[in-house]
Amino acid sequence: MALLNESATGVFIIAVTPFTENGDLDLASTDRMVDFYLERGVTGITVLGVMGEAPKLTAEESRSFVRRVLARVGGRIPTVVGVSSPGLAPMRELANAVMDDGAAGVMVAPPGHLRTDDQIFGYYVSVAEALGDAPFVLQDYPLTTNVQIAPAVLNRIIKDLSTCVMVKHEDWPGLAKISALRAASDKGEVRRVSILTGNGGLFLPEEMGRGADGAMTGFAFPEMMVGVVEAYTRGDAERAHDVFDAYLPYARYEQQPGIGLAVRKHVLAKRGAIGSAALRKPGGALSAAEIAEVERLLARQEKRLKEFG
Amino acid sequence: MALLNESATGVFIIAVTPFTENGDLDLASTDRMVDFYLERGVTGITVLGVMGEAPKLTAEESRSFVRRVLARVGGRIPTVVGVSSPGLAPMRELANAVMDDGAAGVMVAPPGHLRTDDQIFGYYVSVAEALGDAPFVLQDYPLTTNVQIAPAVLNRIIKDLSTCVMVKHEDWPGLAKISALRAASDKGEVRRVSILTGNGGLFLPEEMGRGADGAMTGFAFPEMMVGVVEAYTRGDAERAHDVFDAYLPYARYEQQPGIGLAVRKHVLAKRGAIGSAALRKPGGALSAAEIAEVERLLARQEKRLKEFG
Amino acid sequence: MALLNESATGVFIIAVTPFTENGDLDLASTDRMVDFYLERGVTGITVLGVMGEAPKLTAEESRSFVRRVLARVGGRIPTVVGVSSPGLAPMRELANAVMDDGAAGVMVAPPGHLRTDDQIFGYYVSVAEALGDAPFVLQDYPLTTNVQIAPAVLNRIIKDLSTCVMVKHEDWPGLAKISALRAASDKGEVRRVSILTGNGGLFLPEEMGRGADGAMTGFAFPEMMVGVVEAYTRGDAERAHDVFDAYLPYARYEQQPGIGLAVRKHVLAKRGAIGSAALRKPGGALSAAEIAEVERLLARQEKRLKEFG
Amino acid sequence: MALLNESATGVFIIAVTPFTENGDLDLASTDRMVDFYLERGVTGITVLGVMGEAPKLTAEESRSFVRRVLARVGGRIPTVVGVSSPGLAPMRELANAVMDDGAAGVMVAPPGHLRTDDQIFGYYVSVAEALGDAPFVLQDYPLTTNVQIAPAVLNRIIKDLSTCVMVKHEDWPGLAKISALRAASDKGEVRRVSILTGNGGLFLPEEMGRGADGAMTGFAFPEMMVGVVEAYTRGDAERAHDVFDAYLPYARYEQQPGIGLAVRKHVLAKRGAIGSAALRKPGGALSAAEIAEVERLLARQEKRLKEFG
């Protein structure tokens, strides 16, 4: 399997973890989900992300799930595995295992106690040392991690750590940060790495305009993100916005803290991508009011997509 | 002037604080801004909110600004004044002053160190005592205050503190909380207070569907919120969503942390509501890229509004 | 092995995790450390605590370390294992494994996102369900977890969840909370559970005075805590303070955030309890200045202990 | 009045704000308190600190209190006034006023949202600009502000902002930071500023050993801090530790979060420094158990001081 590198573009979908109604890991749905994502044009798949339900899995379940995804993907697109951990030893152990299994790279978010520039830089030096040759994605997600990484620190990391090949940019929305990173690589000050963006795609058109290479995030309609990236890449920004706007009312709803993941799984189940919308405990089901709100938004979205062609 | 009470509905606009290019308080623009908001159908106005630039004002400037707003409003609609403060004595002093000047009520957000149910309840008991007869709005804004108030605690406050007449609901988006409050008052367990919602209006249609009475938030196009509330109130939820969707791409952009207020002031200045988009220091200006992004969104919004009639 | 129950008293030492100079888990030192603790009169031992280096271990290392400790302890005193985890499935897996291996109980700290009374209560309901019959210690440590648990919530948990048999009290210093819990059980409102206190023992005499049953914390001189608890238990509060005061200057130094654990391991290594003071990466060594400060404090402590007899 | 400069040494006491039993500002006690502090050998006095009750004062009360302190001090020692504020305009207004009234300098803690090195540096550039010629103390207190300032950032501020003449060091305990600052000025890389330390004096001997010039903190027995600084300054570290150790059991108790200030005021009232131990609301009184604990500690302290001579 080819390793992840700085040239990655397109949509790396953050996969959900499918469970059966009674909370067991649903490996059959895992296959279906991979097919669903591939059919919608994603160019990569990311599993065990910092959000979602990865921490609810046992170590053995995590390994089984990753292996199942890798087997189904069969090398057609790169698979990235989240290996963030409070300790370097468990991080290395998981990273080594999934790289041996065929992952293209791993992703690491910073632990929440990091504050100063030097603390953050020093942490990633340790990470790179622990990961060895494995290419890694730096996940920059202040809203969740509570760690703010200045562009200068990102550039310092990119300069010193050759295995850092991608930034998953999720500084809400942090458009200026993308511009700063691109200005630095345009001037030849640092290597140009891949920048894929997060935040449920809620700023994707603007992020593409600033120089992002695509998105790495979860959204129940990956085809929106694929469409936006394709339109932007061929220079049709207005079309990119048209696609984006059609999905935005629902995308906004799915991106809610708290119930967002339950909404996403509800829609993925409805679309046939997974067998059950169930979240593993703790994690509730949608209320009738929430389902009604989702249904209205989906009906309106479908209508708008038809008008719009 | 009539005091604020539980029957408040519609759109209470969170006013910006206008400054001149060199950072002085711009009282002339204050008049213009009040007119602008009134012409767009707002039913109330809120000044010195927890967000925005109120903390940048000296005590004297705060008083001047409030008096200027009150004079221009001239009692046509209620004016609410944010009086949140780490101390009860300065809170009382400001509240007494603005109520004497003609404010309809005051608004209080909880200080960030409150955690347990009893701590939060006890704090509002102290607040109500400090405020005396002044009706107050409880601002429930966890994303900024870091204080999470359970529905049971809100109900306990509403039961025990008769001067709490409104909840400014800004739990992102916290639709279930609105439902819980309404269920309790529908069953007669507590007084029904006014619920106006925040978050830049980004969930306004759903919030109306859950029983909100309107919005209390800032957005450079108050007519969107007025339109959504009106349509919902007359039972036309689809029309409410149509109005909302037309403004959503830009509303999302304005609601960005960090530069959101600069975006809002840029558009308000462009619309003639204020003389300058300047933020008082610290607080930067928009970059060329940001202005271009705003311009594109506004152009698309205008086009869509035309199509849509 | 007897299970942990509400009658636990004395000193449950929070064990460090010994590593060799090159960062490997040091199982030989583990035996020596257990002996060291037992010889100093501890009545229980707690491993894989929320602080310290448990998160730096791989799953396999954690299991090996726990088994080694259990084997060496040989049932002479109860062993408690920290199983806090962001997910219930990995928590249950580890808890089942260590209970099968002979642990007396497990310990669970709340995840940092819990805020309201109901959220905290609901979390422990899920925990108790996941743990089944295993008795558990509720770790109440706001300074680290950022979760504040009101006495009423603790009592609600104790009432409803019969497997909660101990509170590890580490609300800094939170003496009033101990009094509140004891008042409730004295009145017969709730079961009387064991309360062992943390914070490196820095408030142990006062905590005993309020009704604590002893300490559960790490400190390089467990004999101080054993002495304080014994003196207090036989009614000699002045003697308890004398013992405490003799160790306090150094105890204060060991309790520093940041370097505290390195200090503790330095002294444990010096006392022969472990083979090396090394922390696993990331985690630095003491500077020459720090070692000199420790040496001075230990020399003064020895002198004082001699004077004092 | 002489302005504060880099040569400040000794003990700058953080003054409490005295209130009468019914919560009024107690200006008569203010005189008595100033006398009390002066008689115990303090070399400076700091009012309106980030902790304590400054935020409970109205703007007018703050001004009256500062004027009263300045009048009583009568220029015998420098007075520093805390002017931290979310806005630069109110900060400047207060700073100008107190400097006109005769303060020697002002103190500014960073607002809690600052994270990256550049954000912190940029903030102090704005502060220095707002303060004009007024010398200022940078308060580095991560436990309360949640802002971590790296030594390199402190040095950058000291290099670029000539009016920064002192660091109030309160990084818990952050001994390595003092060493880093002193190493930089010893090598001539930056100006040597005054470093006074906080944290209730709980690490004062070690801080002096690392190169601090004294303490700036509140403690009901300023003579302890005066004694430690004097002994250390004349090279008698053991004597400094002897003095320190005698007060440590109570100092530890006074430094408790939550009730610490009530404890300090209780003892100051008992010692005759202020007329009432009352805290302004919100802020409770000590319980009987707490008073008994304090009394025991004070009795033991007195006994030890006698033994020790």
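As written, the chain order gives the labels A, B, C and D, with residue 1 at the start of each chain.
As a convention for this text, a residue touches a chain if its C-beta (ideal position, glycine included) is under 8 Å from a C-beta of that chain, and two chains touch if they have at least 3 such contacts.
Bear in mind the structure is a predicted one, so any value in this text is a computation, not a measurement.
S.K.: Farthest chain from chain D, going by the mean of C-alpha atoms per chain?
M.R.: Result for the farthest chain: A.
S.K.: Are the two sides of the chain B and chain C contact the same residues or different ones, given that same means over half of the numbers occur on both copies?
M.R.: Same: most residue numbers at the chain B-chain C interface appear in both copies.
S.K.: With chain centres taken as the means of their Cα atoms, state the distance from chain B to chain D in Å.
M.R.: 38
S.K.: Averaging only over C-alpha atoms, locate the centres of chain B and chain C and give their separation in whole Å.
M.R.: Taking the average C-alpha coordinate of chain B and of chain C, the gap between them is 47 Å.
S.K.: State, to the nearest whole Å, the distance from the C-alpha centre of chain A to the C-alpha centre of chain B.
M.R.: Roughly 33 Å separates the two chain centres.
S.K.: Could you list which residues of chain D touch at least two other chains?
M.R.: none
S.K.: Which of the residues in chain B end up touching chain A in this complex?
M.R.: It is residues 172-176, 179, 202-203, 206, 209-210, 237-238, 241, 244-245, 248-249, 252-253, 256-259, 287, 289-290, 293, 296, 300 of chain B that touch chain A.
S.K.: Considering the complex alone, what residue numbers of chain B touch chain D?
M.R.: 53, 55-59, 61, 85-90, 93, 122-123, 126, 280-282
S.K.: In their shared complex, at which residues does chain B touch chain C?
M.R.: Those residues of chain B that touch chain C are 115-119, 147-150, 152-153.
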